[in-house]
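Sharing a structure here in structure tokens format.
The letters A, B, C and D name the chains in turn, as written, and every chain counts its residues from 1.
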Amino acid sequence: MKKLINDPADVVADALRGMAAAHPELRVDHENRVVFRGDAPVQGKVGLVSGGGSGHEPMHGGFVGLGMLDAACAGEVFTSPVPDQMAAATKGVDGGAGVLHIVKNYTGDVMNFEMAAELVAAESGTEVVAVVTDDDVAVQDSLYTAGRRGVGVTVLVEKLAGAAAEEGRPLAQVADVARTVNGQGRSMGMALTSCTVPAAGKPTFDLPDDEMEIGIGIHGEPGRRRVRLAPAREIAEMLLEPVLGDLDFTGGDGVIAFVNGMGGTPLLELYVMYAEVAAVLEKSGVRVARSLVGSYMTSLEMAGCSVTLLKVDEDLLRLWDAPVRTPGLRWGI
Amino acid sequence: MADGLHTADLEAWIREFARVVAEHREELTALDSAIGDADHGTNMDRGMTAAVGALEAAPPADPAALLKQVGMTLVSKVGGASGPLYGTFFLRMAGALGPEPADAAAFARALRAGLEGVVARGKAEPGDKTMLDALVPACDALDEALASGKPLGAALEAAADAARQGRDATIPLVARKGRASYLGERSAGHQDPGATSTALLLDAAVSALAGSQS
Amino acid sequence: MKKLINDPADVVADALRGMAAAHPELRVDHENRVVFRGDAPVQGKVGLVSGGGSGHEPMHGGFVGLGMLDAACAGEVFTSPVPDQMAAATKGVDGGAGVLHIVKNYTGDVMNFEMAAELVAAESGTEVVAVVTDDDVAVQDSLYTAGRRGVGVTVLVEKLAGAAAEEGRPLAQVADVARTVNGQGRSMGMALTSCTVPAAGKPTFDLPDDEMEIGIGIHGEPGRRRVRLAPAREIAEMLLEPVLGDLDFTGGDGVIAFVNGMGGTPLLELYVMYAEVAAVLEKSGVRVARSLVGSYMTSLEMAGCSVTLLKVDEDLLRLWDAPVRTPGLRWGI
Amino acid sequence: MADGLHTADLEAWIREFARVVAEHREELTALDSAIGDADHGTNMDRGMTAAVGALEAAPPADPAALLKQVGMTLVSKVGGASGPLYGTFFLRMAGALGPEPADAAAFARALRAGLEGVVARGKAEPGDKTMLDALVPACDALDEALASGKPLGAALEAAADAARQGRDATIPLVARKGRASYLGERSAGHQDPGATSTALLLDAAVSALAGSQS
């Protein structure tokens, strides 16, 4: 295992020390492993809390700041944080207008956030609404699965609901934005290589040199199927076909097209992928209103990418363009 | 100790579970690598190490307090799916026990209460390829053995046997809950990590508790 | 070779198509492989041109925009662009106030930029000044080398000289800022793995699982020495010792501390590294005024990092904080 | 062709150089992987393929025009260190030749002018572990052989011999110029890629030109 770390057991704590040192505008609660906006709680504003296993950086800690999250809880690598963390985050961002939990649909995340909400309800009067993201078309949402996974759309939910909260919208409306975004977004990912969980010390799966995994999630888990390595052009088609097949993205105000790197894939390749994605979208009559290319939701050092499309309207576009100031996403301020 | 399971017995069970989890940490993580995210061994080991640490820092006074402390520690130290599930399991067990030593029937009732907590929390059913596939047969076997008049020791052995069989029976299953369900058909052919740690929990019960009433 | 590409021969052209599609605010000259600010040339402003081999993304194309570069030339992977490209870029950004060439000190880059300047001088009256960056302390600047390599400081030069140009400073002053930054900056890098040049198809070097390269550049070249793998804490010391030994960074207004990922290293690890770098700096009495953590100057998918320190004064801090709007670096606008 | 090297002869030389560069592309890149950035073979092949393409698209009228076109093509298609260096080399050769066919002495003078261009552009010296370590001995051997009355064919063979020896002699050297110099002592023990491509240039001259005046 080759990583820039100290003891594998300390990797999350060490990275949080680094975040605290690099971002004095944030406040890091090292005991609870929560990254807060420096000015949290913002009085009168809906507080946004997310979190999940570590190893997906910049998500979620890197999305804390004006116009996005108020707090993010960092679990162990690929392991949902515990209810205590989420409860501490919820209390810390409660500015009197309620708190939105943005939860990726994984059994662990959902249960831990649920327990946190129960804790908070028992202890304080804070109103908490949870929105669960589940945009991964690699997984069928059926009785026979834990439902679709929450992947790329989570980044967009955090930005757009964050902007809505920053505008002063009430909790119900901010939650509506989050639900709308999740409902209008779809994602699909692939991997060229596995990643190595620090505590495990070896790659989660082996992948021959001439094969790739299609339909992966973001926890280094194997995907739905293994196929022969293909050029970027074909990969774009493989990823977009199920996305476009699941929801009609044509017409209206177009889409936000998001090509996301899994952590070990350089930007050069993400732009090659984006060129192919844009070509498929053009051919399919899907208009790109905005785009995002980069490694925003990663799986440690996994090589690969995911593609997310989000159908937008004028309101969502305005929220997208609104100022955001976080370590991972910043514009307008 | 013909008068039932004391705090010290349950503590021995927890310590033994912590020990076997540590011993099997790599195996549990390897199983989770195949159909999950390669952390089940690390999760359980972190949680049980913390649980034992908490027992030493603040030794609980009675069986219910002990299992409650273990449950709380797991909930606040593990995370993932196994934290809430095993945490709820021990919390519900604690809720079903009183402060007094538990006899075999009380222990079996508590175990089933724990099982029901796991179902309530995780909404899985037997056959979904989860820890339930070890826990349900274990509870059933325990009840049956006790009902047929077996002593706790033999009954726990029957339960552990059933748990191991349930664990093995997860191999051909296609997962319908938890992370492994994302793999669809590809989840078949692999043993479920959570069912494996649950089988260890029953093994630990045999080692730590079977002698208590025999 | 596992990469998200089509034909290895097309990787640069394909990535430029992706950049053009993803960044409508930029103008991409595909024939000359130059990325321009959409509004270039900006009348009355000094034009900033940089460029180099591809494979270092976001550098340089991702640093084109308000407050940074006016144009960037993309060479083949790890191969300096050709004079024609630089000449086209220079002409395209000439707003009447002259053009600054920011050149990393590599034999190829220096010679090609020189030839471009000769071409431009022969064809037009555009005043061109070149500043060469050479901040890599892994290499001794002596008669026995091609001089120090230009590495991490180049990103900072582009930001700071870009801000000076945006403020309306004349060419000589903008060039002065660039020279000052280069003179006050030092870098040192390391690699955990090699990278694979697409056209070569296999890793540039082999590195056993328990070893790392210290003193690498940014072209996948082996470093100065190979040592046993070490924890992040020791790596931070190995990188900072020669940096701190080469220039006194204590006192004054402090430093900009820049921890850069080489492309295949996830952000989680970069924050772990930054925590250790911050600790060494604190111990050494170096005050951190600003920090930058991320993969800004990469070597394809190489795993590893570099550390750059830049001694700053009030003017440089003001220029650092000035608005910048590029795909790779953005704030204040 | 006792009257000297015609445009067609030089074109044959360029084509032959392009052919051997393509043939040795992987080898050149492998050499550059060890002490550089793994692109010398790709660079030279891209450049020479373009040079031959340009010759076909717009056949130059005379020797000087031909070599100028090759030089210009290399400058604008190769990049890196080898683009300006080989480009300058051919441009300076072109500058030293007239429009008329070149006799052996004129060819040797042109080759030395090319060499001087490389020195002016790259500021390296013999012993720095660069293409000069093949080019300098080649020019010296050519001059010497012609001075001692050998025909062009034999003289070129002597030059190519010297280039190959110079190439081999780069192996123990510690690089002082170019990318390999960053490696310091670690550059010793590896053959310089540029010296290797230069030896191919002289080999190509033997294949394409040695017959012209013999």
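Operating definition for what follows: contacts are C-beta pairs under 8 Å (C-beta built on N, C-alpha and C of every residue); 3 or more make two chains touch, one makes a residue touch a chain.
Owing to the predicted nature of the structure, the values given are computational and were not obtained by experimental measurement.
Centre-to-centre separation of subunit A and subunit C, using mean CA positions: 29 Å.
In terms of their C-alpha centroids, the spacing between subunit C and subunit D amounts to 32 Å. The distance from the centre of subunit A to the centre of subunit D, each centre being the mean of the chain's C-alpha atoms, comes to 55 Å.
If each chain is drawn as a node and touching chains are joined, the picture is a simple open line.
All chain pairs in contact, by the document's touch criterion: A-B, A-C, C-D. Note for the complex: subunit B touches subunit A at residues 29, 33-39, 42-43, 46, 75-85, 121-122, 174, 176-179, 181-184, 186. Partner subunit B is touched in their complex by these residues of subunit A: 53, 75-84, 106-108, 111-112, 114-115, 138-140, 143-146, 149, 197, 199-200, 204-205, 217, 219-222, 224-225. If you check the complex, the residues on subunit C that touch subunit A are 2-7, 11, 14-19, 21-23, 54-55, 57-58, 62, 192-193, 209, 212, 229, 231-233, 235, 263-276, 278, 288, 291, 293, 295, 298, 300-301, 303-305, 325, 327, 330-333.
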